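Everything below concerns the one structure shown next.
Lettered A, B and C in written order, each chain numbered from 1.
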Amino acid sequence: MNEFTNWDIFQALILAARWTVVLSLIAFLGGASVGLLLTFLQISSRTALVRIARFYVELFQGTPLLMQLFLVFFGLSLLGIDVSPWTAAALALTLFSSAFLSEIWRGCIESLPKGQWEASRCLGLSYFEIMRHIILPQALKVAVAPTVGFSVQIVKGTALASIIGFVELTKAGTMLNNATFEPFKVFGMVALIYFLLCYPLSVASRHLERKLNVTG
Amino acid sequence: MSLVNIDNVHKYYGDNHVLKGVDLKIKAGEVISIIGRSGSGKSTLLRCINGLESYDKGGITVDQMEVTSDEEQIRKLSKSVGMVFQSFNLFPHLTVSQNITLAPKLVRKVSAEEADTLALQVLEKVGLKDKASSYPQELSGGQQQRVAIARSLAMQPKVLLCDEITSALDPELVGDVLNVLEELAAEGMTLVLVTHEMNFARDVGDRVIFMHQGKIWESGDAKEVFAAPKTPELQKFIDAVL
Amino acid sequence: MAYNFQFSGLLPYLQNLVDGLVTTVVITLITTVLGCLLGTLCAAARAGQSSFKSKVVGVYVELIRNTPFIVQLFFIFFGLPALGLRLSAWEAGTLAMVINLGAYSTEIIRAGIEATPKGQIEAAKVLGLTRFQTFVRVVLPPAIQKIYPALTSQCIIVMLGSAVLSQISVQELTFAANFIQSRNFLSFEVYFVVAGVYLLLSIGMRQLFNGIHYLVFPNLRAQR
């Protein structure tokens, strides 16, 4: 016997999806802040700083997000900090996102023609003036589309928080599946809700890319 | 019977009437230069001859085969009509020799050994026998264009279409390519060139076709046309380019 | 820090780690081959003349790219049996990975195909090559060559994603890690070491792919 109607399931999933959204927002904002710092390290003229930043990026791009979640979760408790799945997920996703975002942004800055630097130098601008007035405004424009595109990866990444017990959309799905024994329906709905969250972002990213390419 | 027969050909790009009834007969062994301003329809006409562009009215035959944009027909035509492009269009991932042997092996079903011999023959003709195992990126523009000519020759066409083949080259490399064409002309190859090289058109070409506003505006013996243009448009064109 | 790291506590379980690693490598290998093949076919359909096929591929690509891998995995492993398609964990896991990589590689390869200069196709046409010959001999090789780094990165991302297969009990590397830490309670040490193994796998995979790149495309070795 099944006491759950389709509507019940959908409602429960939508409620859980709120936490997917909140976690995504936190991971994006946290990732963007740390990522910005890393980007500046990566393009700095200090080799040591560049190395550290590069290593950080390699580390987080070269290991599974799931491992990062486990390490944060278990690592923090070793330090005597009592971590909730919630904190661990937010922290791990922040670290993960920052590595990818800084790599995207570094690429944007480096994609600008060398002539821009050279011309600015000839005009007598300092490093920071060049950054502030010439490079960053242009890089920002190039960076918008891939950044929005990466936000899709963050939303999808939050699904792994379910594995350490954070109740968001995917976890709610597994729980509902255990209660209803209707995996096809439940996971179909879960997928649909993720799609509704991610697809607009994908479309926006593509749209921005085209628009910015046309206007130069 | 002429090798190429172009009979009252019309072509539109939407509302734009780019070929307005072109008639042209080309005999085997002739060297024809098509000149004119950009937008006069000269490249379009050339590309109609081997079916790369479709036409809307009239008829074209090459070697008694009707030219249509049907893929099967273009494939048949490839054995009679060769084409060399402004931008070479060599295949970057293949060596010079592989570029040349690809089509003979796939289309004419020539054996690998035969194709290799053929490649060396045509490379010798364009003076690049030593570059057989190089990749296109290792060659200068002029050498790449000569390889492209060799690639066309390997299909043993009866007529070779050349679409502004020296326009993308550095000036000092143009001579080598023109020399190859001159030799081909001397051997009796039928050549149809869309070109900006007026000296070549005058000295090597048999006939010059001046296109203007989608029509053959004036044509005739190469030397006469340049010496005494009959229409003010051609006079103006010659004054501008020479 | 008061805690003493006890990496030696992993030694008795070395065999589990090795077995897990082998499974991860084998699944990754199968996925890479089949996924890229699927991507190539779909990219061809996307660039081809049939608008119906192109649309079907478009829907597939968007569905996969806009949902989490773990949900795709659960859908295949738990959901498909409802339709009568019963797969072992191993099969479901590999299938999910192939489908996932297929979607991403479709987009990557399509971008390479679309970057083919029109003149290349015209040259092939004029030489009399068929549409199929043109695609396989003229369009595809430079396209793959161009997007190879992006394809490599995607294959590595999918390899790292295989950690999630542990959730349906495929006995790969992460499953081994979970098993070991449930026995010796040295969670941090286990995950730390296994994360390191994944890092080495990523680096190794990139090296291997670069090597293959130069082997398959000898024109890369030619100087410009």
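Everything that follows uses one rule, which is that a contact is a pair of C-beta atoms (placed from the backbone, for glycine too) under 8 Å apart; a residue touches a chain by one contact, two chains touch by 3 or more.
Since we're looking at a predicted model, the values are computed, not measured.
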Intersection of contact partners for subunit A and subunit C: none
Chain at the geometric heart of the assembly (C-alpha centres): C
Most distant chain from subunit C, judged by the mean position of its C-alpha atoms: B
Whole-Å gap between the CA centroids of subunit A and subunit C: 20
Mean-CA-position distance for subunit C and subunit B (Å): 46
Cα-centroid distance, subunit A relative to subunit B, in whole angstrom: 54
Partner subunit A, residues of subunit C touching it in the complex: 1-3, 62-63, 65-72, 74-75, 78-83, 156, 160-164, 166-167, 174, 177, 187-188, 191-192, 194-195, 198-199, 202-203
Complex contact set, residues of subunit B against subunit C: 50, 52, 71, 74-79, 81-83, 85, 87, 89-95, 102-103, 106-108, 134-135, 137-138, 148, 151-152, 155
Subunit C partner contacts - residues on subunit A that touch it in the complex: 58-59, 61-68, 70-71, 74-75, 78-80, 152, 155-160, 162-163, 170, 173-174, 177, 182-184, 187-188, 190-191, 194-195, 198-199, 202
Residue ranges of subunit C touching subunit B (in the complex, touch as defined): 117, 119-120, 122-131, 133, 137-138, 141-142, 145, 217, 219, 222-224
